[in-house]
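You will see chain A twice below: alongside chain B first, and alongside chain C after that.
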Partner chain A sequence: MWVYEKKLQYPAKVGRANLQMAKYLITQYGGPDGELAAALRYLTQRYNMPTPQAKGILTDIGTEEMAHLEIIATLVFKLMERATVDEIKRAGLGGYYADHDKSLFYVNGDGVPWTAAYIQAKGDPVADLHEDMAAEEKARATYQWLIDLSDDPDLNDTLKFLREREIVHFQRFGETLQIVQEYIDCKKVY
Partner chain B sequence: MYSPNDQMRLARAYVPFQIYSERLNPMEGLMKGTIFPELYFPYREHKR
Partner chain C sequence: MNREQLCQLKELMALEFTALELHLYLDTHPTDQRALMDYNSVVQQLTIARQRYQERYGPITYGEPSAYPWQWINEPWPWEICYE
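Showing the complex of A and B:
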């Protein structure tokens, strides 16, 4: 069960409307290394973790990724807000507009819809934790390329916060991996 | 290159445990994305 706060984890400000940036940023919403993939991956892998600490960290981080999903949604919405159809066409978002108008949908920067094929739950906690650590690094890299693509200091401020969270999550998954490996080693002794 | 310690075995990944030392105040921690200075690794943007 979740208790939710009616506010964002971090402010989601943009300096100006920017459709091109909205098109790029939406990959963190519904792309292969985006926040939806992260949240759904961790929140389903947690059931098969062998220790309470590992279950807890996947629940905690999966929950935080939902908060990040909300931040990305807010940013994309603000970047697209008040855009005219002509502006949307010029930014290469005509196809997106035909399917979704300006509503938020789970796609990558090229409009490819989110798919569960992006994630896995392997039944092997060590394999799953390696996937999770890789996911954090890929999300960190995506934030870096988005910061390179953006010239909006307000937007970049939020993207830098989200990038740093990926680093902290990597550390926590790494610590969890040691705990899980030691637990599995101990079990083999008996 | 780091020399492996006796406890480490091949074909396994290791991330050192974070040892609690100091922490930033909550507002600075929020702005940076972590309250732990040793986990703060800001991005140096590429030159355009």
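Showing the complex of A and C:
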């Protein structure tokens, strides 16, 4: 089961309302390398993991990704909060507004809705952990491109925190892969 | 949210983050005794800080006591706080 904590993992800071950034940032909410994809990928892969370390790390990183999803939602919410319809139109968010007003929805930067086709659970722990490592690198790169797109130091502070988390997750998945690999090799010998 | 509460909330967030970082590390290094000691000491500080925060400002998670009326629904929610 899961229990909610009424706080964010890290302060979600926004220097000024910026609809253009909201449009870009929403891809980390519902895009291919976003936090929803990450959370759902890890949490569904954990059932077939062969070692206790792997079951633990997928559960815990999957859970942390939910906390990141909440940070992204908060950033987008704050960036759009006080926007007028005219500003929304000018930022190219008219189509988004027609479907969702200013509510949060799982789409990428171009409005394409989230799909489970973004993720996989192969049943082969080595294949799954390689996917997870690649996913972390892609998320890290996405945060880097978002930082490049933004000139808001407050927003960038939060995005840099999230970028660093992907690096740590990549590291932990790499260690997990090695543990799983050793476990499999060991089983073959006996 | 006033300055003082925000300050305490950020402290709590930082402590809990430290605990989580050690937690993930321990998942793949379960026999690292030094990391485990660090983890246990952070968790001890975190328990005290969380208790103190909740006594003043109400529950921030499930299974915690509440003053009257039911404090859980008190605003601001996490996305409504100005963190700057």
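One rule holds for everything that comes next: the second predicted complex is superposed on the first by the 190 of 190 C-alpha atoms of A that agree within 3 Å, B and C clash if a C-alpha of one lies under 4 Å from a C-alpha of the other, contacts with A are read in each partner's own complex, and residues count from 1 in each chain.
Throughout what follows, a residue touches a chain if its C-beta (ideal position, glycine included) is under 8 Å from a C-beta of that chain, and two chains touch if they have at least 3 such contacts.
As the structure is a computational prediction, the values presented were derived from the model and not from experiment.
**Student:** Check whether A:Y10 is in contact with chain B, with chain C, with both or with neither, and answer first, second, both or neither.
**Tutor:** In the superposition, A:Y10 touches chain B and chain C alike.
**Student:** With the two structures laid over each other on chain A, which partner does A:E175 touch: chain B (first), chain C (second), both, or neither?
**Tutor:** In the superposition, A:E175 contacts both chain B and chain C.
**Student:** Just to be sure I read the superposition right, which of the two partners does A:T115 touch: chain B = first, chain C = second, or both, or neither?
**Tutor:** After superposition on chain A, A:T115 lies in contact with neither partner.
**Student:** Once the shared chain is lined up, is A:F77 touching chain B (first), chain C (second), both, or neither of them?
**Tutor:** second
**Student:** Between chain B and chain C, point out the one touching more chain A residues.
**Tutor:** Looking at chain B versus chain C, the one contacting more residues of chain A is C.
**Student:** Please indicate which partner A:Q53 is in contact with in the superposed arrangement: first for chain B, second for chain C, both, or neither.
**Tutor:** The second partner, chain C, only.
**Student:** Kindly classify A:I147 by the partners it touches after superposition: chain B alone (first), chain C alone (second), both, or neither?
**Tutor:** first
**Student:** Which partner chains sit in contact with A:K160 here, chain B, chain C, both or neither? Use first/second/both/neither.
**Tutor:** first
**Student:** Just which bits of chain A does chain B share with chain C as contact spots?
**Tutor:** 10, 168, 175
**Student:** Spell out the part of chain C that touches chain A in their complex, as residue ranges.
**Tutor:** Answer in residue numbers: 9-10, 12-13, 16-17, 20-21, 23-25, 27-30, 59-63, 72, 77-79, 81, 83-84.
**Student:** Would you tell me which residues of chain A are touching chain C in their complex?
**Tutor:** Answer in residue numbers: 3-13, 15, 53, 56-57, 60-61, 64, 70, 73-74, 77-78, 154, 168-169, 172, 175-176, 179.
**Student:** What part of chain B is in contact with chain A in the complex they form?
**Tutor:** Chain B reaches chain A through residues 12-18, 30-34, 36, 39-43, 45-46, 48.
**Student:** Within the complex, which stretch of chain A touches chain B?
**Tutor:** Per the touch definition, chain A meets chain B at residues 10, 130, 133, 143-144, 147-148, 160-165, 167-168, 170-171, 173-175, 177-178, 181.
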